[in-house]
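What follows is a pair of complexes built around subunit A, which joins subunit B in one and subunit C in the other.
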Partner chain A sequence: MTWPDALDVLGALLLLLGSLLSLVAAIGVLRFPDLLTRMHAATKPQVLGLMLVAAGLTLELRDARVAALLGLVVMAQMVTAPVAGHMLGRASYRAGQVDRDLLVVDDLTGVVERVDEERGAP
Partner chain B sequence: MSGLVTALLLTSAMVLALSALMVTARITRGPTMLDRAMSFDVLVTITIMGIALDAALRRDAENLPLLLVATLLGFVGSVSVARFSPGSDDLDSDDGGEDDGAPARAADPELDEGSDAAPAPDADPDADPEADPDVDPGPSADREGPR
Partner chain C sequence: MSPYTRTTRRGNVRPTRYRAVQWPMVLWLALLWWVLWGSYSLLSLVGGVVVAVLVCFVLPLPPLRMSVRVRPVAVVVLVARFLGDVVMASLQVAWITVVPPRPLRNAIVRVPLRSESDFVQVVVAELLSLVPGSVVVEAHRASHTLYLHVIDVRDDRDIDRFRERVWAQEQRVVRAFGAELLPEPPAVTPS
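Presenting the complex of A and B:
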């Protein structure tokens, strides 16, 4: 086995690993009962799975420009995924769609009540 | 050796297709709009992985700028749905910002001072400002926001 073949197989394995991570996330998104738990499952392929796929594709193509572009994609996803998750979770909480019985720790209710009291209006 | 690589890539393509089907089922069933937005974000990620798999299979990097576009598209989509979904912070500030309801309640004591015999008409203006935001909180809030 020469070096290019080994890199090809390693890249294909990384791509398969990222795809399996997205399968796990899809099962979680389909089966979990709540938006917050579904978000917990959905975040895995968005960051780690995309990093694995980018690394695998870089090993497959072995091109510096491809590596730079994929690094940019991964960085953009790492910056934007937490913002999107934060806004989705907050919108779900403020809409009253969060099932309180499923929460283990709820630090947000006290904060929201205190802020509403300080502002005088909700 | 290239046969092994092709087999691995085709296997991961089938795995991606299966997971895309399951996420599409969640988009169809999803009880709330936020569920659909989150699932759409996952579907965009799976699409990105599919484009990367296609590039790896064909040994061709010409489609790779699509990955950057798809990433930003999914971000803008889910954030805008979360921002403008009913019940988000905006609508709460709308309910609070609807101080049109508060002056109406402040006008009630005036009615009390003016005529003691009208408690029942007071109850109706009390009920109306509370009922109106429930019926249509959105447009009035949108008008008050830019001001």
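Presenting the complex of A and C:
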């Protein structure tokens, strides 16, 4: 087996793994009982999934330009995914979309009203 | 608000464009332009710098006041540990998805951070959100407290273990970005 072959196989493997994780994320969104739990499935396995797909593509195409672009994609995802997850989770908690039966502990009860502070930069 | 303000002709008080063009921002935007353009010629780089300076003028941001000192070894440790965490936790959450434990129980955990730095709080929250199994539901800035939704928690021992993990993560961030992690001195306003 030559080097390009080995890289091809490795790249294909990474692509497959990444897609598998994205599939699991989709299943999680379907199966999990409430919004906050679904957030875990929707935002997370797919972070690693995207990283693996990007790495796989880099190995397949072996082009520095593509690699740089994919690096940007992964970076943008890593910066924005937590913000999106946080905003959705926060909004859903404040809107009362929480199934309390599913929680062992809720340290946030009654805190939300007190926790509000002034908006904007200091 | 930025510490410098100006009064417009109509009498409104606005922040000035004090230090609107900051070189790290220009560098970053120019690089971004270069990568997106994809031809890597000198012309596209020059174009990128011009566009970056224009963007900084048209959409100015106040300069960040933070004391960050990057320690390379600690950054490598932080990133390596983070990637390991992401892989482990991804497999864990994937497993929970395919074979959900019955009953599946979660918790919203309050974790007061030890560091006084906004920067550390942001980085810790961001990293925790990227690691599967925890979502930041609420962040309180004045007390540097994070409220996280954690998946698959059975009892108080799990919760304690999770808190320890958050604090260990914070410790690594503090080591990596070695700021003295005290509250920043208030901005000196020109008299």
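Definition applied: the second predicted complex is superposed on the first by the 109 of 122 C-alpha atoms of A that agree within 3 Å, B and C clash if a C-alpha of one lies under 4 Å from a C-alpha of the other, contacts with A are read in each partner's own complex, and residues count from 1 in each chain.
One rule holds in what follows: a residue touches a chain if its C-beta (ideal position, glycine included) is under 8 Å from a C-beta of that chain, and two chains touch if they have at least 3 such contacts.
Keep in mind that this is a model prediction, so the values were computed, not measured.
Look at subunit A after the overlay: subunit B and subunit C fit there side by side. Once both structures are fitted onto chain A, a short way to say it is that subunit B and subunit C open up an angle of 90° at subunit A, using Cα centres and rounding to the nearest 10. Once the two complexes are overlaid on the shared chain, A:Arg90 sits against subunit B and subunit C alike. In the superposition on chain A, contact is made by A:His40 with subunit C only, not with subunit B.
Of the two partner chains, subunit C is the only one that A:Leu48 touches; subunit B does not reach it. When both complexes are overlaid on chain A, the residue A:Leu69 reaches subunit B and subunit C alike.
By the touch criterion defined above, A:Ser19 lies against subunit B but remains apart from subunit C after alignment on the C-alpha atoms of chain A.
By the touch criterion defined above, A:Leu102 lies against subunit C but remains apart from subunit B after alignment on the C-alpha atoms of chain A. Between subunit B and subunit C, the shortest distance over C-alpha atoms in the superposed arrangement works out to 7 Å.
Residues 25, 27, 39, 45, 49, 65, 69, 72, 81, 90, 121-122 of subunit A touch subunit B in one complex and subunit C in the other. Subunit A makes touch with subunit B in their complex at residues 1, 5, 8-9, 11-13, 15-16, 18-20, 22-23, 25-27, 29-30, 35, 38-39, 42, 45-46, 49-50, 53-54, 56-57, 60-61, 63, 65-66, 69-70, 72-73, 76-77, 80-81, 83-84, 87-88, 90-92, 94-97, 119, 121-122.
Interface of subunit B with subunit A (complex): residues 1-2, 4-5, 8-9, 11-13, 15-16, 18-23, 25-26, 32, 34-35, 37-39, 41-42, 45-46, 48-49, 52-53, 55-56, 59, 61, 64-65, 67-68, 71-72, 74-75, 78-79, 82-83, 85-89, 92-93, 95-97, 99. Residues 1, 32, 35-36, 38, 40, 62, 86-87, 89-90, 93-94, 97-98, 100, 103-110, 125-126, 129-133, 135-142, 147, 149, 151, 153-156, 159 of subunit C are the ones touching subunit A in the complex.
Taken in their complex, subunit A has these residues touching subunit C: 21, 24-25, 27-28, 31-33, 36-37, 39-41, 43-45, 47-49, 51, 65, 68-69, 72, 78-79, 81-82, 85-86, 89-90, 93, 102-108, 111-112, 115, 117, 120-122.
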